[in-house]
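Two complexes are shown next, each including chain A; its partner changes from chain B in the first to chain C in the second.
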Partner chain A sequence: MFPLLRSVIKRVAFAVPTIFGVVLVSFALTRLLPGDPAVYFAGAAPTPEAIADIRKAMLLDRPLLEQFVSYVVNLLHGDLGKSLITGQPVVKDLAARMPATLELTGLSLLIALLVSIPLGVIGALRKGSLIDHAARFFSTTALSMPSFFTGLLLVFVFYYLLGLAPAPLGRIDPLGLPPPVKSGLIVIDGFLAGDYESVTDGLAHLVLPSIALALSGIGPLTRITRGAMLTVLSSDFIRAARSYDMPRWRLVYVYALRNAMLPVLTTAGFVFSFLISANVVVEKVFSWPGIGSYALQALVASDYAAVQGFVLSVALLYVLINILIDVLYGIVDVRVRLAE
Partner chain B sequence: MEFAATLQDGLRRDPLTATTMAIIVIICLVAIFGPFVASHDPLATNPSIALKPPTWEHPCGTDQVGRDICTRIVYATRLDLFIALSAVGLGLIIGGLIGSLAGFFGGIVDRLAMWIVDTIMAFPLFVLAMGIVAALGNSLENIIYATAIVNVPFYARTMRAEMKQRREMGFVEAARVSGNGPFRILAVHLVPTAVPQLMIQATLTMGWAMLNAAALSFIGLGIRPPTPEWGIMVAEGASFIITGEWWVALFPGMTLVLVVLSLNLVGDGLRDVLDARERR
Partner chain C sequence: MLEVRNLSIEFSTRRGTVKALDRIDLSIAPGEIVGLVGESGSGKSVLSYAISGLLDRSARIASGEIRWHGAVIEPVRERRSTHAAIAQIFQNPRASLNPIMTVRRQLGDVAGRDRVLSLLENVRIDPNRADHYPFELSGGQCQRVGIALALGCEPELLIADEPTTGLDVTTEAAIMALIGDLSQRRGMATLLVTHNLALAAANCDRIAVMHAGQLVECGPAEQLAYSPMHPYAEQLLASVPQHSESADDLRTVPGLLPDLAGPLLPCRFAPRCDRHQPDCDASPLSLIARSPQHFVACRHPLC
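Let's turn to the complex of A and B:
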């Protein structure tokens, strides 16, 4: 366990300059506002007292460096400011809405992986065949579809035309009773409470938005899987295994695929950032009560603390995911493990 | 000229890329000349024909205030192409500059440049663009700046890799020995060699820049109604999808998909052609 801990520390240390950059950018974004930032943070119809309070809290009369230091100190205390629309601390709002977003993003990443890995493997095994071309065309098309439009198309076909999906209005039927909150994920909470009606209702509401999201990740993941499989299949150890007359399924699905998974893992991190981005528009289309739609409400109401709090926390989440992937990579890849 | 020849040769063997290139040319022509031949006014409302499905008179139907959707798509094409082209152009200049300095000089310049690039990449890019437009203010220019900034990392990385690969080559040494300063070598001898790679990168990211800009206006940032723009038009049609008036969102959305898909296919095709040339 000790070397693992060391490699985690090493990766976190490696991410420090990036985290510093992210904080610097998000600080800049709160100070770039044209005119007086305090007026912006005070909202649509500010009272002079509110502006004075905010100016004091943001230290706007002090030198920039001092403002930055106090910004960082506030961050370390988990303080992202107060939201104007809810009157709550932004951190609290984001935390309350995070499960809805994670549920959606997690499921769509899973769907994207389940579709693109087989597609990429088939493409690599039958390079140049009709299936390969079809898979490539499909993944390029998926990459070219804006998720807000895919979402609308899915709603039109599966809700309006076929009546198979529920109305695109949130996570659960408006008349239904959500299960008691434990994990915040409706499907899991439903299982825990033995409330299977909530489970099926939650799943039914999840299907369309997660497919709309997943499509934006399928393009890059399929390409990477195909490329990685092609590289691995032409490598020496596969040729050797072939000469030993190993069964083909074992060769492909155990030896080759396992080695091809490393670049796929790295790309999955990148795809996560894609999905978090696409999440914002998909949540709008499906009225999904996650952090993306929270940020959009905040945008409309000129609630800057909430918007910039969202931008920063999403970026930090993404940095965290990348650290996690790096650590995983170290565990999976023997070469990295040996080099350390 | 040699590149043009390989391109011609490659296109002859790759009808898909040739077809999609033709589509792009047609779309550019529509963007330039379309507004002159469009039969309707993109902003003229007519409540008596609101939300009518496609007819011969209105091939894409009409929207909630009776505007002709087809005409609006034509005008929107011009605006969306303008946004994507300026964003990619601006991004290319900034990214190319950062990347070439980083790749050529290395050392502290390189580390600083890569820190900037990594910091941008640490954000989910659309979210960063959202934050930038929210901070700078809601306008067309700011949409362009934000889209340019989130594209910078891709160009900077491509340029840096190209410069790094070539800076030790004989022709650079020759230029140096014959008395050229580093900036002159970079500008005159090195940067032009990276143009094909950069152009491919630009084509591949152009579609993405378009999706990005359309998504920004879809969520209500930047361009405002009633200006015809694909993202806004889809957003306006969104509420009619669940009541069955599909044409309001479908036609502008399909146009966006068609353009982005063509750009991506052309980008892929160009890359294959170039890869094939380098392999030979």
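Let's turn to the complex of A and C:
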């Protein structure tokens, strides 16, 4: 366990420059955006004095460097500033909305993996067969459709036409009572509270948005799984294992698949990062109260602090995911662990 | 025990049909060590893979059959429902082991957990190495593990495909001694596939020489190594360093292997042969018995 901990610490240390870069870029970008937040928040008929007061309060009258330094100092104190829309500290806003986003993105990745890995394995085992071509057609189509479109399509079919899914309005029925917040994930909190109505309702609300999101991840994951399986299946040690009369399930699912998982893991990391970005639109379509819809709202209002907070938290998520992937890599392949 | 009869194998490729094996006849008796010799591309690996059932699905039998204890076995045995006691060890020992599993796990998967240590002992590997990964072992140790894996299948026939390529000379000697010792103790037959005629002569009872997918000569190791009958076998011998006084005397076999996807002469060695006569290009050639044990596929043999 100790070398594992050391490698995690090392990776976190390596991530510091990345995070600093993100802080710098997000700060610069929000300053470059058109629109003056002071005017936006001064109200319908602002007086010049009111605007000047707001500018002063937001430090917008100070030089850029001073604004940046004060931003970083606050950041180090865990203070991301106050959102001008909600009037709440951005940290609090993000923390309240993060579980919704993680729930949605995590489930989408899970769905994408559960669909792609079997599809990729079947494609590799039956190369050129009807199933292989169908899998390729499916994953290419899924990839080429933007997720807001598949989202709308799913809502149209399953809510409007068939009436199977609940209205795309958030995580739980607006009239229902959410379970007490423990993990922030409604399904898990529902289980903890023994409130199974919330569990099923939470799941029902999750299904469509997570499928809409998962579809965009299935394409790359299927391709990579198929390619990695083909490479491993034609390698020397699989041929050798065949010569030892190893049962086929062990050959395919233990010897080949485990070796093929390494590139799949890397891709899963990319896909997760990509899903967090794709989330912004899907959350909007399904009125999902996550950080994506929050960021979209903040961006429209030139709410600097909120946008910066969003960019920063997404960057932190990327870093965390990469560390997690590296650790998983070491678990699958001992060579990675020992090379540290 | 093993009988290959009139075996021709073709591969369909984008360039056309590659006639990889042409009417091969070969038999192996229990306990016998047979060398299969030829340069790269001579078809020796295709033949060994056909016997161990490891050929790709693109392979097709054009004629003949392989019989194991009298029953026909397929050269492509993907599903491995029929267990033939034929095991193989491979050219690249490290790449032939699963890189992310320990030796113990791999041996256990093949032979059962309780046999791991005795198998390692058989191939003289320290039992402490059982929990090592292939990348932590030397090439020679990897090949010993490969042999242990093959022995775990209780083979009656061991196919050793260039088992010492890429290993140094002392390791080569140790591995060959190990194989010889194991086959003697277990009464296990061995097919040693190698490009090195000297190595085959030193370790085998019989040697079969292949050229461009044809078996050109087959006979007792000593006879073949000292008085080869086929011009190709003779030239192959002359290219073995031990047989030359100096580097200048070292000969190479002139010419190149013919394109196996193109049109071929009955004797595929004819374009490279200095004893070539007009009658060589007539009608199909087959193995001619020069003595009860010694066969040659040549109309104008050396003796």
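The working rule: the second predicted complex is superposed on the first by the 300 of 340 C-alpha atoms of A that agree within 3 Å, B and C clash if a C-alpha of one lies under 4 Å from a C-alpha of the other, contacts with A are read in each partner's own complex, and residues count from 1 in each chain.
Heads up, the rule we're going with is that a residue touches a chain if its C-beta (ideal position, glycine included) is under 8 Å from a C-beta of that chain, and two chains touch if they have at least 3 such contacts.
Just so it is clear, the model here is predicted, and its values are computed rather than measured.
Chemist: For the combined arrangement obtained by superposing on chain A, do chain B and chain C clash, or do they fit?
Modeler: Chain B and chain C fit side by side in the superposed model.
Chemist: Pick one for A:R250: touches chain B only (first), chain C only (second), both, or neither.
Modeler: The second partner, chain C, only.
Chemist: Just checking: does A:V319 make contact with chain B only, chain C only, both, or neither of them? Give me first, second, both or neither.
Modeler: first
Chemist: Can you tell me whether chain B or chain C touches more residues on chain A?
Modeler: B
Chemist: After the superposition on chain A, what angle is formed at the C-alpha centre of chain A by the C-alpha centres of chain B and chain C, rounded to the nearest 10 degrees?
Modeler: 80
Chemist: After superposition on the shared chain, which partner residues are touched by A:L185: those of chain B (first), chain C (second), both, or neither?
Modeler: Neither chain B nor chain C is touched by A:L185.
Chemist: Of the partners chain B and chain C, which touch A:R242 in the superposed model: first, second, both, neither?
Modeler: second
Chemist: Just to confirm the geometry: in the superposition, how small does the C-alpha gap between chain B and chain C get, in angstrom?
Modeler: Comparing every C-alpha of chain B with every C-alpha of chain C, the smallest gap is 11 Å.
Chemist: Please write out, lowest number first, the residues of chain A touched by both chain B and chain C across the two complexes.
Modeler: none
Chemist: For the complex, give me every residue of chain B touching chain A.
Modeler: It comes out as residues 115-116, 118-120, 122-128, 130-132, 134-137, 207, 211, 214-215, 218-221, 231, 234-235, 237-238, 241-244, 246, 249-250, 253, 256-257, 260-261, 263-265, 268.
Chemist: Please give the residue numbers of chain A that touch chain B in the complex, ascending.
Modeler: These residues of chain A touch chain B: 17-19, 21-22, 24-26, 28-30, 32-34, 140-141, 143-149, 152-153, 155-156, 159-160, 167-168, 273-274, 276-278, 280-281, 284-285, 295-296, 299-300, 304, 307-308, 310-311, 314-315, 318-319, 322.
Chemist: So in the complex, which bits of chain C are touching chain A?
Modeler: Residues in contact with chain A: 52-54, 78-80, 83, 87-88, 90, 92, 95-101, 109-110, 133, 135, 146, 149-150, 152-153.
Chemist: Which bits of chain A are touching chain C when the two form their complex?
Modeler: Going by the criterion above, the answer is residues 235-237, 239-248, 250, 254-255, 258-259, 332-335.
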